[in-house]
Every structure is written in structure tokens, then in C-alpha cells.
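Each chain carries a letter (A, B, C and D) given by its place in the written order, and its residues are counted from 1.
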Amino acid sequence: MLDKTGIAKRIAQELQDGWYVNLGIGIPTLIANYIPQGISVEFQSENGILGMGPFPFEGDEDADLINAGKQTVTAMPGASIFDSATSFAMIRGQHIQLTVLGAMEVADNGDIANWKIPGRMVKGMGGAMDLVASADNIIVAMMHTNKRGASKLLKRCSLPLTGVACVKKVVTNLAVLDITPNGFKLIERAPGVSVEEIQNATEGRLIVEGDIPEMKI
Amino acid sequence: MLDKTGIAKRIAQELQDGWYVNLGIGIPTLIANYIPQGISVEFQSENGILGMGPFPFEGDEDADLINAGKQTVTAMPGASIFDSATSFAMIRGQHIQLTVLGAMEVADNGDIANWKIPGRMVKGMGGAMDLVASADNIIVAMMHTNKRGASKLLKRCSLPLTGVACVKKVVTNLAVLDITPNGFKLIERAPGVSVEEIQNATEGRLIVEGDIPEMKI
Amino acid sequence: MDKRVKNANEAIKGIKDGMTLMLGGFGLCGIPENCISALVEAGTTNLTCISNNAGVDDFGLGLLLQKRQIKKMISSYVGENDEFERQMLSGELEVDLIPQGSLAARCQAAGSGVPAFYTPAGYGTEVAEGKEVRYFNGKPHILEHALTADFAIVKAWKGDRYGNLFFKGTARNFNPLMAMAGKITIAEVEELVEPGELDPNTIHTPGIFIQHIFQGVNYEKRIEQRTVRPRT
Amino acid sequence: MDKRVKNANEAIKGIKDGMTLMLGGFGLCGIPENCISALVEAGTTNLTCISNNAGVDDFGLGLLLQKRQIKKMISSYVGENDEFERQMLSGELEVDLIPQGSLAARCQAAGSGVPAFYTPAGYGTEVAEGKEVRYFNGKPHILEHALTADFAIVKAWKGDRYGNLFFKGTARNFNPLMAMAGKITIAEVEELVEPGELDPNTIHTPGIFIQHIFQGVNYEKRIEQRTVRPRT
């Protein structure tokens, strides 16, 4: 079973040289720490920066340089800064090769819900609706089940949607799954996790074909 | 009767302090030379400059600093430069208080034609269609008649339109006329020009009410 | 073309109860601190505020929420403000949540004289309810309209009396877009410079979009998430 | 993220007969001189060229017109080119004339993932023929669609290997918009600088929009109308 760091490390393996990548708040943010050797990617943050670097050294933090999670960051050589319309032009115009975001629920047709629990919690969609409606390559990073142990990989989302039929891949603490026309297709198991455990934790349609390899982290 | 300079001088009297102004190619360009004392206006050129100054001194001309007529210009202190989309955002978004442009024909309902003579001449509309469709305050600067002596102030334009019912005022070598629901309303005569001469040179509906004063240039 | 006013109090004089305001900023980054303080002081009420976020409980727009000066918020993300969530869930506060990219584009459209445009964002969600759906290249899009305001209030790093603005870092965010969209736009700047000091090539917001400008005071520029790494 | 290619010949290698190109510039100001020369040399033909103007008879896109490499032009103003007018009036050249602001906005829309938008420009004229008309706030608007191209070719003053661009003066014009709109975008620059030399706050075109970049040679930067005043 993976922890949050493990999920981030596994998703980092999906990065390809030359990609522009938008990382959501939470687990996705961690991915920046595990870029594979020898490849070069650039991180875009939708509040208006491309070429985001690591957190600043103590004392160097600048209130005027933050990421979409409102955390102080740095700009790498070659970075650029722009307004929110240009930022979403990049996103909507499909200039970004990979989007990773968290979710409350993902359905086996690729629907995603991550912005609202009616009557209980409303944080807002932020840039997530633009991201999922536009990106061709969307990976969701999340725990396989919620705090009450219920599956977050569903036949149908119960919460208000963020986007329809858009998620391409899900990486959880238990597994890597692709979204296919016939549902979640199990690609890899987390270390020490059995196919049965994954089946038990998945409410949506799950396709298990042949031997399912264990992830290499 | 006015010459082109006279037309420019008369239109310059319409300028008000604090206005942003777009001047078309030809006679309108001359207006910048006759800004009334004590008022401050800024000139926008649709190729992407606000705060355009006079022509550069000999030897100072810069291929990278031109106006929409492709003439070398200068930038005043406080000028700004921007791309064509931002430039037309200013125009379409009605941030400009006065637009002056030339025309081949103007109709008595405010229609204007100035971009094409079918089968004979096609220069293109450039930014004129955006300007006339957006601006609230459009003045046409032109000769009252064409080279063959025919009126350019018509009941109906014969040439392909640039915009419909948009012109507010026409200043010609003979007269100043407002466009009203009932046609051209004669406001002023050029020095030495009689009402009758203006009537003879105007094909569209012409309203002459009371004494028509002579322009003061 | 001298658009200078003395201070925030003078700048906001035209803002009346019940008006719609746009306020720049992302989180607490690039918010018009001086004008928000002046609005709290003025007690202007029944405001509709268009701003990507709603500040935190005790800073930014949170200050106006505390005093119940805001009737309605139009935002994309409001997760940092407990008082906001409380007022919203209790129904005291009207809230219109819209996708962040659509918010940016709707401001830009208003400033650009584009009354409406199609975007894929929000298709198939609550956001699309009641909106026209149209397919382009086989993909569904929804029609979004331009968003304007009686006043837009933005904050820049530097500006001049013509209204030209230069933003620093990610404090730019929504500010240039809202500057275009306001019927009247107020700019507060950390430093008012002489015309010509800003390079015309690097001005982010041309002065044509600005009606009032002043140099603000006592900027707090609070950091919401101070994340650092140790010096090694 | 090293997007450098050696020169214009290498940059345009992917451009095939029959493709649609966007070319930045206004008149002869800010045009990609090196790539135009390389296209003349390569003899690529049947091109559809989207560019605000068509150059003059013996410079800019006029060079491609002379060699009959262009099948169709999409422009807003073509008044400076006699050969253009001749080919157009004789029917040898297809021409689509569109309002300048719509041209700019259609490029920007394509680059921004906005498939269509409404504009008042052209309502009631030939330009509106066959287009949807819709009223907003009582005013008629027409629906315009995003305009894209197989390749966009732009020219900047400075750039770095990431593709970040900085334009000088009014040579900016359509370049940043077309840079966004091309499926593949080539940037030629007068000076290629090291990453970090351009201030991130003043980059006009972020590198994400650029696929190939090179430092051009022998810029002529011809002036179309040399207007000066005498020194007194």
C-alpha cells in the first residue's frame, strides 16, 4: 500500500521530457519532488506562472510569488509570469500535456467530482473545471477509499460533477487504473496489495486481465 | 471652402480634455497637429500603441515604431505598447472616446462605405469595421464630392458597407453635418460656402433649419 | 491625463450601496488592501463582489464579510474562509461559483467588447444549468457571457498618473482583466512613478483602462501559506 | 526544454505544400523575414497564409506572392501591394478579408481554446454573410470562429531556448496572438539570450506556445513610410 508520497512517486514516472504539467493542490503538488533523472518538465500554476521552482529558502519568501495553493514558491531561470486569462488560455487551449489533480470521487466512465458536498462543504471549483474540460491527459491522484472506508472509484459519482468523461488514469494508494470504455482497467497493484483487495475497494466496473504486475517505485 | 488641413482643424475643435482618440489614415492623421490649447488627449493607433507622438526627427526613425498607416512615429512619455488583440479590446470595449476616419460614401442614416469598390479596388477594411461597429462617437472626415463631382453624402451607399447607422458627424470641405433620424443636419458652412452650394452637393436628405453659421477655424 | 486621487477614501467615493465591484487578487496575493480598508470604514453595504477568492477570515474580503457588507459573492474558490462558508451554508450570503478560467475570460470579454463566448469548462456540471450548449469539433461547449462591474478595484506594483500599471510576480493574476472590465476602474499602487519611467514595452495595463490611481500606504501583503526550505 | 533549431531552413522543414500558415507582422513591421526567405527558397506552394497584410511587391509576403506560392490569403488590409491586387482581381488568388480586430481575436481564441465568440464588427456588411447574428444588450453581433494554422511563424526581438519571447515596439502586433494559435509555432528572434536574462514579469509570449526558435540573420527591417520631421 502506498502513502501520499508513494502515489506522487508513481505518477512522476508518467512524466515525459518536454512536457508542461499542471499539478493540483495536495498529493499532486508532491510530484514536483520526484521528476525522473534526465528529463526536463515545466510546471504551470494557474494563478499565473510557468517554470515554477521549489519553495524559497527561509527568509527569501515573497508575498508576490505564490502557487495556486497560495504557497510561497520560486521561479526557475526561463520562467514566465502572466495574468489569469493567459494562464487559462494555456489550459483551455491544450498547451499543457499533463494535468494531475485530486478528487473526492471518480466514476468508471471518467467523470470526476471534487468541488462540493451539497449542504456541507463548498470550497469552489477553482480552476478544476477548466482543467478537466480541456486537458487530454488527466491523472487523478487520490486515496482509493474515503475516511469511512467507502470506495471513491464508483459506477457513478454521487457528488456534483467537476467534469464528465475526462479522467484518463487514476493512481491510488492501492493501484494504477486506466479509464476505458468498459470501466476501470487495473494496470498495476501497489506493493503488497492483492487484486482481491483492489476489487473489494472498487465499487465501479473493474477490469482485471491476466497477471497484474506490482508497481516499481 | 476648406482644404484637407482645414477639415482637420475643424474636427480638432471637437476634441475634449482627457479623451482617447483613434485617427484613421489620411485627413484624420492631420488632426494630431491641431489639438486645442489647454487640453490633453491621447492618440491610439490600432497596430498597438497608445500615446503616439509626432514623427521622429530625421535619423531617429525606428522600423519597430510605426502607426496604422505604416508611418514612423514616436512614443510620448506615458505611452504604452500592446498586441493587436489588446488594441482592439480598447476599440471594441468602447474605451476610446472619439474615432475619426475617412470614407468613400456616407448615407443619411449613418451608414459608411470605405473599403472596397467591387471589381476595381479592394484594399481591405483593416480595423475600420471594428472601429465603426464599436465606437459611440464617429466623425467622418472627407471631401463632400468625389473626383467626378458626385456627392459622397447619399440617401443610400452604393458601395459595400463598412458599418451600418454608425456615423454621428461628417466634416467635409463644405460643411459640418450631424446625422439625425431625419438625415444630414447642416450645422456649419465652410468659409465662403453658401447653403445652396451644400444643398447641391448633397444627395442624401439634408435638413437646414434657421441660420447656418460659418465655421470658425 | 492626470488620474491621480489622494488616497483610497477619495478613490472609492463613487461606490454606493448595492453596487457591483470587481476586486483583483488571488488569495491574498495582489489584493487592493487600501481600498478594502476604505470600504470597511465607509460601511458601504449590499455589495456584490466579483473576486476569485473571498480572502481569509480576518484579511482581504474577509473584512467586508465580517461586517456583512457583502450581499453576494461571485468567485471560483472560497476554501480559505470559514466565515464565508458559514454565511453561504446558512443562506445569509448569495454565492455564484464559476470556473476560474471562465471568470478570467468573462472579465476580459467585458473589457474587450465581446458579449459572449463558448468554453468547454463546466459542461455537464451544475455550472452549465440553463446555459446554451453547442458542439464545436464534436466537443460540447457552453455559452458564457461577459461580466462587468460598476467599479473594478485593482492593485499594482507601480503605476503612473496616466494609469499605466506594472504588476510584480503572481500578484498580477486577475488584476489586468478586471481593470479592463470595470465601468470605472480604481488602481492602487505601491509606487507612483513619473510618466516615462515605465518602459512602454513592459506596461501590463495601459492607462486607458484606468480612471483613478493613487499610491497606497502600509501594505501588509500577508502570506497565506509560508512554505520554505531550510538553507543547507 | 531546448527548442533551438539552427536556422530558418531547419525551422520550416515541416511545412508542406497546401498547408495553412500564420505569419506575424503589421505591414513590414515585425515580419518573420528569415522564414519568408526560407519558404521562397524551399518553393513550398499552394499555401494559405493568414497575415494582417500581404507585404509590399518586393518584400515580406509579396515575395511569396511573386512566386505564386500562395493559393489563398486571409488578411485585413492589402492596400500596399499591387501584385496582390492584380492576382486577386484576376481571380488567381483567393482572398478572405476580415476585420482586423476579428482577425486578432480569432487567433487569440484559437490559442485559448475558445471555439467561437460574438463581435459587433462587420454586422450588416459582406463580412456577416452566412454568419449567425445575435443581439446582446439590444445590439447586433455576429458569431466568429477561432482561426488556427498548421504553422504559425512569428518574429520577436529577444527570445530564449525555452521559447520565451520579448517584442520591441509595435513589432509586437499580431505576433503574440499567432504564436498561441499555431499547431506548431516557429519563432525567429534578433537575439537569442540565456534563460533567465528575460525578466519573467516582462515576457510577452511564454515559451509554452513555441515549438522551434532560432536567432535570425541579416534583418533588413524595411520601413514602409519613412516620415520624419526636420531637426530645428
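We take it that a residue touches a chain if its C-beta (ideal position, glycine included) is under 8 Å from a C-beta of that chain, and two chains touch if they have at least 3 such contacts.
Worth saying up front: this structure is predicted, and the values here are computed from it rather than measured.
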**Asked** Of all the other chains, whose mean CA position lies farthest from chain D?
**Response** A
**Request:** For the pairs B-D and A-D, output the one whose chains share more C-beta pairs in contact.
**Result:** B-D
**Prompt:** So what's the Cα centroid distance for chain A and chain C, whole Å?
**Reply:** 28
**Item:** Whole-Å separation of chain centres (CA-atom averages), chain B against chain C
**Value:** 36
**Junction residues of chain D - those touching two or more other chains** = 105, 108, 112-114, 119-120, 168-169, 172, 201
**Two or more partner chains touched - positions in chain A** = 49, 75, 81-82, 85, 88, 91-92, 134
**Message:** So with touch defined the way it is at the top, what topology do the chains form here? Options are line, ring, star, complete, other.
**Reply:** other
**Fill in**
Listing every touching pair of chains gives A-C, A-D, B-C, B-D, C-D
**Prompt:** Which residues of chain B touch chain C in the complex?
**Reply:** 18, 20, 40, 42, 44, 49-51, 75, 77-82, 85-86, 88-96, 134
**Request:** Please name which positions on chain A make contact with chain C in the complex.
**Result:** 45-49, 54-73, 75, 81-85, 87-88, 91-92, 115-116, 119-130, 133-134, 160-164
**Request:** Please give the residue numbers of chain D that touch chain B in the complex, ascending.
**Result:** 26-30, 52, 75-80, 85, 88-89, 95, 97, 99-105, 107-108, 119-127, 157, 168-177, 204, 221-231
**Prompt:** Contact residues on chain C for chain B in the complex?
**Reply:** 1, 108, 110-114, 160-162, 164, 180, 194-196, 200-201, 203, 206-209
**Asked** Which part of chain C faces chain D closely enough to touch in the complex?
**Response** 105, 109, 112-120, 134, 136-137, 139, 141, 145, 166-169, 172, 199, 201-202
